[in-house]
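The structure under discussion appears below in the form of structure tokens.
Going by the order they are written in, the chains are A, B, C, D, E and F; count residues from 1 in each one.
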Amino acid sequence: VFDLFTFGETMLRLAAPHQQRLEQVTQLDVQVGGAESNVASNLARLGHQTGWFSRLPTQPLGRMVSRAIAQHGVDVSSVRWVDDARLGLYFLEYAPEPRGIHVLYDRKDSAMSQLTKDELPYDAIKQARWLHLTGITAALGASCAESVSAVIGFAHEHGVKVSFDVNYRAKLWSPEAAAATLAPLCAAADVVFVAARDAQALFGTQSIGIARDLSARWGNTVFVTQGDHPASACAGEAEVEAAPYTTTIVDRVGAGDAFASGVLHGLLSDKALEQCLRYGLALAALKLTIRGDVALVTRQELEEIVARKTSSAPRR
Amino acid sequence: VFDLFTFGETMLRLAAPHQQRLEQVTQLDVQVGGAESNVASNLARLGHQTGWFSRLPTQPLGRMVSRAIAQHGVDVSSVRWVDDARLGLYFLEYAPEPRGIHVLYDRKDSAMSQLTKDELPYDAIKQARWLHLTGITAALGASCAESVSAVIGFAHEHGVKVSFDVNYRAKLWSPEAAAATLAPLCAAADVVFVAARDAQALFGTQSIGIARDLSARWGNTVFVTQGDHPASACAGEAEVEAAPYTTTIVDRVGAGDAFASGVLHGLLSDKALEQCLRYGLALAALKLTIRGDVALVTRQELEEIVARKTSSAPRR
Amino acid sequence: VFDLFTFGETMLRLAAPHQQRLEQVTQLDVQVGGAESNVASNLARLGHQTGWFSRLPTQPLGRMVSRAIAQHGVDVSSVRWVDDARLGLYFLEYAPEPRGIHVLYDRKDSAMSQLTKDELPYDAIKQARWLHLTGITAALGASCAESVSAVIGFAHEHGVKVSFDVNYRAKLWSPEAAAATLAPLCAAADVVFVAARDAQALFGTQSIGIARDLSARWGNTVFVTQGDHPASACAGEAEVEAAPYTTTIVDRVGAGDAFASGVLHGLLSDKALEQCLRYGLALAALKLTIRGDVALVTRQELEEIVARKTSSAPRR
Amino acid sequence: VFDLFTFGETMLRLAAPHQQRLEQVTQLDVQVGGAESNVASNLARLGHQTGWFSRLPTQPLGRMVSRAIAQHGVDVSSVRWVDDARLGLYFLEYAPEPRGIHVLYDRKDSAMSQLTKDELPYDAIKQARWLHLTGITAALGASCAESVSAVIGFAHEHGVKVSFDVNYRAKLWSPEAAAATLAPLCAAADVVFVAARDAQALFGTQSIGIARDLSARWGNTVFVTQGDHPASACAGEAEVEAAPYTTTIVDRVGAGDAFASGVLHGLLSDKALEQCLRYGLALAALKLTIRGDVALVTRQELEEIVARKTSSAPRR
Amino acid sequence: VFDLFTFGETMLRLAAPHQQRLEQVTQLDVQVGGAESNVASNLARLGHQTGWFSRLPTQPLGRMVSRAIAQHGVDVSSVRWVDDARLGLYFLEYAPEPRGIHVLYDRKDSAMSQLTKDELPYDAIKQARWLHLTGITAALGASCAESVSAVIGFAHEHGVKVSFDVNYRAKLWSPEAAAATLAPLCAAADVVFVAARDAQALFGTQSIGIARDLSARWGNTVFVTQGDHPASACAGEAEVEAAPYTTTIVDRVGAGDAFASGVLHGLLSDKALEQCLRYGLALAALKLTIRGDVALVTRQELEEIVARKTSSAPRR
Amino acid sequence: VFDLFTFGETMLRLAAPHQQRLEQVTQLDVQVGGAESNVASNLARLGHQTGWFSRLPTQPLGRMVSRAIAQHGVDVSSVRWVDDARLGLYFLEYAPEPRGIHVLYDRKDSAMSQLTKDELPYDAIKQARWLHLTGITAALGASCAESVSAVIGFAHEHGVKVSFDVNYRAKLWSPEAAAATLAPLCAAADVVFVAARDAQALFGTQSIGIARDLSARWGNTVFVTQGDHPASACAGEAEVEAAPYTTTIVDRVGAGDAFASGVLHGLLSDKALEQCLRYGLALAALKLTIRGDVALVTRQELEEIVARKTSSAPRR
């Protein structure tokens, strides 16, 4: 019954408004965001049936997270509510260079980080066409990593395809530790999303031909983003490339998730590799203009942007 | 599959902040609210399966309404999306006496006011234990009134119980017109909610014994609220009364809907008449302390308040 | 007694703050704006006697509109107050490309759209040196279009000069319908303002030489703006061109009205065609840096910018 | 041509929001207010022709003041614009007792405090039915006090009636200095407004019978307010009393000016003494529910409140 | 060199604005507060030399805490900065009854909770006249409780007087556990502050005569507060009582700390027991009118309130 | 005991938010800022002992200034508190060109402008390694200029080094008057900071080689900034140049003070001339990304930026 099911940690995002430093704020902007729930929300908005699982604390902040995801039409009925637990938080400050963006995590010992593989909603998962996972969950601890590994096996047994977004977070683990854990997970997935800089840091690729290299290595489909440079995808013989849309960034958080969501929208709609890549780039560009983690767009808006792109040269 | 299904108009509420006059605002607070969706949302939060239907315009304001209701877990999948339509609005200004509260409706020709009875989601309705209706829908025009009348018959045919909240709105129609339309609808319902002042203005009751009078007249269960005075309920021989909880009002909009929701929570939980009345009063009191139309409380919070009440004299 | 008189619809502008999507707002920024009242306000600020007429509903939003215009010194005493009417609204969301700016009109059946030509304040109009009209009024319905047509004749009979701003709005009518109605109105005016893209879409001009072409066609003075490209003006033999000022846009709404206001300031001050064009470009550039529809500048500020321009090459 | 003309100092009001202390604010709420311009604005809103004069600095804050007053329809064309001058300011913090309300004046050497009697707009004044003055202007310095004295004589010569609001400000001068200056001005006016506590402190009245005492002393009409206690008025033999309306205070600033405005509305409408007093109390009560210095009400709202009062016992 | 030294945990306070529920906020108000730093700040504002110690994480939130305390003139130079640690947080929602106020702690494993007795700044402490401690620190864990116990002994050895505020927190420990730990600490202090309800729950006192009872039991000076009821103090034979000031509450957090601060101000100024109690009640009342944890008042303001009180009957 | 001591005027900054014009604001953002206190605050944050002196009015705005500076660890104990005085203010509006930035001073007769040389805290000054002064203080009046001149002599007598920031303010005095007063002060200082355009306007330098020219003229060390162009420094034979860091400006106020602070950080740390210049440029660039006058950065952040710069070509 699900086009896509996913699970992961969704945190409270507490951001300093108006480019202030955290030190000086008198108010914090409150948002909710997590890589996996962003994908579930984005796809639900585009008309797909999606479900999301996590461990959430039985208190107001846990309910805020649940409601924020349910509002887009995502099924949250399998969430496991936990007493006496905490919700992961992160504090955020934006700034132009040379100051740059700072993230201050306060997510240790969160409810979701205590996940064990026995708690996963296997009944829901086996009813899904796709299972979407990310490297962030694997970074939350040994038990979480084990859960991710186990569920991939389960998915394959039940004919559920697996997409995996590498999503390397330097504040959570070293490149070496990440590579050791993530490489087999990538190899076991049907589709992998990875940023070029992470491919180089973790998997030792060159700076060009990354999609082809990793696709050959893992025998699956790989999508590679590269900031302002063209993104690429490779699936066996097929290999395509497309330039990102130009935009002015309003909020960059969630753009990678929007890219994955756009691609998955293409895959769920049985589109060709190039069209999938275009959906990904278009949804990522739209997300960059939107505050918050979720790409608050309609299917019609997405299609219009993609159509525009197809009929003309990329505006770069 | 539904514990309760309902339909009606949900509008954008544009309120002047900080007790300003509408004339002087530079910002308006945006909320979403409608009597029926409030009930569906309140009950979903308390753990019941609810569904809501309306006609919504296919544009951002329509989507805002749909999401605001879905976040609480209400099923909105039967909503009928309409192109080239408008969403009903109302502007609100709060003030102490002698200025008082002013509502400025701008809801004419809204998408929902064009409802015809053929558009109702009969498949969903017949799967519900209860169907909840209000007099507001009946006030939106002849076609809407006809739909309400028709659906009550349909409900009875399919064994669905009907609750009806009179909800008289003086800005929409005269007491005489309202009485002519609403009296037969009340008589056809299983449970009726009515404010004492409306009972007097529309149905010519005395100022006391209203619940008994109307219950006898219509042969059903009647709940009567009376502001700071005790509320009452009558079902055949059974007749109970209870004093409201004392509180300081933060936002009075939606308190009547919270009362109905609390009572329905009792009915859905097979509670006795007095306990149903207490749930209604407790949820209404909690709602009065909360900004927005919906009673953002948990079942546990409600139970605690009701338990407190039972074990001690009402604090008045 | 009036240097310029004008009439038209002024709406409530409800804008999503901080580049949010309308779907996600919890507050809306409230402004008041209309092409004609913007011109009246801008010119009143620069020291000219101006008057504005409209039909306004007798309720708080109508009063907000009236006060917002009167504060700049515009005479609003001829406004016709109408009971049981609504004020036109529009919702606005700003965003960078590829999302772009979205306007959601909710102006149908507004008080002003019901205008009949008998209601126009002819006594005030015949005391004016200039009457300013726009194509928006003509787009509001047959009765409005007829009013515009009739008042031009009246103006000519009483020696009142007429300026006309084409102001094509694609959300209100098709290019064909607009062209059929507006072409004779333009031909009847003494001065016409038109954006290059509208000239091409409605009147079939080439992309260059637009001012000369239309001026010849209509036998009057034509001002053409072209975004970042040089603006031009043609009056018989005289033809001038000038580059716009560079700026960063804070709020683009009302920039076209500021251009017309600047030009009219020049005309009212008996300046040469080139100087009029410069006033227009300078006031438009200043407006782009100001929130709201009105160019909140002083005559001295305007003169300083224009002087700066004259004494040096345009900064482009 | 003026029903009432007035002049005085209008300042920028910088208030600490949300009951904060000035020490801790990161934002200040900006309003504009002055006793005389409040009266002119209130009466213009009720349909009377009013004009206001002051000296204002030729800079943005001066323009803010002028626009804030003009928006209500007050004629500000006689304002004298002064270069290199400053606008008077005051900082305000609200709090419950025992902290109470604090006003911090920063108005020394303001443009208006430099007024000389030669600068007054005598042409405008002599065209007015009433001239309204306050004791605040007399407190701004010797030259200002002299101007007030001189203009009363001028008014009487031209058949202009004079109303005078004592408005004692302890932060500006001592009771003795105020009494010496204000007593002859009161005696020369046709109508005087005074608070009971000021009457006692300045003019040595008893705590009861104040209106009769002062009316006898000065041979004119005297209105006395007394907070929550009944207000009174005396004109020769006629003597009336009325209780104020109960309300919850949103913003108390300007309530005294609203009282004077209500009374003057009655006088301009040729109402009897008691009705004038009722208008004063009703407008003051409405003002107490409104943010800012001006009573943002309509004539219809005022009449409704007054009618309510007349037909029932005062709600106290 | 210090009049008073203190140490304890100071947290980030994240409060839902405008009486919203935490579930629904889009912004949180940010404050800093801790019982001990509040006392240090209050006394520094009144002219005393104070110092504060804590363990703070070396990141922006830690710096925010440090700066917020230093701004009042408190010496924070002995703070111990800790890498890879977290700052304690709490989320707060205000509401009228029956909803009431909710505190959601997220302070587990905070930097300060890891305190060991070896880290205390003994050099600073021995230079102080008074050392102020609270029961909150003792509740943070065994190591913290041990530190509090050890430092009292150290203080006595060096002739430093000790004040102790019981400050029982039901969310941190049970009454039994608290009583076992706190009773000996109270007995070892020179001055103890305790709320009447805590005295009953922890130390089994009657509901009256609490100060006398505990003072006799511990052989020291005891101050007891009792909400709206009179507060009392007992030191040997001396026993006094005084009624609190009436006020409207703006923010109740920190009122108990203000009471202790006021009393300590009296003790530091060598005032009699009754005057100390009055200072405590006056500072607490002022604090209740002020947003944030600190009593942002001047010594002059405090003296004025106390003087007012002395010369008249308490306003209750 | 002080690494650096300084004195000067610190004002309340009242800024129009969101690029509004002052005319249209309903709120003003409140900050505190002054060239000298900015330097003291910046250096205190970087770990140096600093002190600041000024004359402040004994009222809430004076206390706000004192606290804002003390929070960074600056010693403000020598501030002279003055009754019946006012605090200097300035109003600020930001805008893109052609509107540009406007400052409206309201600082006449401020407490600090009444400074006499007898009031300076000579005891504190003689305990400092450096005394920092600016041309702004010298511009506040004859008595202030005399104080600056006198204190330089005092500093030299006591072995205190003097840094002087020219900081020419065109709204306070003419280039000629400034040059006459400031040239001898510059010549008497050990280190001078000057903007290239001021050097040309006041001291008649060429547009290149300014640092060398002035260093030779005055026999001291001179630092010259030049906006986006490379900054330079010259001390006898030594002459260095470095390009500024690229950034996007969030708030430009205080960037010059941050430059001086960075340089002084280098001098206090005994760094070479080039490293001092780099510190200055790095701190200025960081400040440009931060709201408010103070460079809210840590020493570690500064060192990271400077290190980045050293190891790669300047990003320009």
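One rule holds for everything that comes next: a residue touches a chain if its C-beta (ideal position, glycine included) is under 8 Å from a C-beta of that chain, and two chains touch if they have at least 3 such contacts.
As the structure is a computational prediction, the values presented were derived from the model and not from experiment.
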E-F, B-E or C-D - pair sharing over half of the B-D contact pairs: B-E
Between C-D and C-F, the pair with more C-beta contacts: C-F
Computed distance of Cα centres, chain C from chain A, in Å: 47
Distance between the centres, which are taken as Cα means, of chain B and chain A, whole angstrom: 40
Chain B and chain C, separation of their C-alpha mean positions in angstrom: 46
Residues of chain F engaged with two or more neighbouring chains: 21, 23-24, 26, 63, 67
Graph class of chain-chain contacts, one of line, ring, star, complete, other: other
All chain pairs that touch each other: A-B, A-C, A-E, A-F, B-C, B-D, B-E, C-D, C-F, D-E, D-F, E-F
Chain D contact footprint on chain F (complex, rising order): 14, 17, 21-30, 59-61, 63-64, 67, 86, 89, 91, 93, 102, 104, 106, 108-109
Chain D to chain B touching residues, read off their complex: 245-250, 282, 285-286, 289-292, 296-297, 301, 305, 308
Chain D-facing residues of chain C, complex: 63, 67-68, 70-73, 298
Touching residues on chain E, where the partner in the complex is chain B: 18-21, 23-24, 95-99
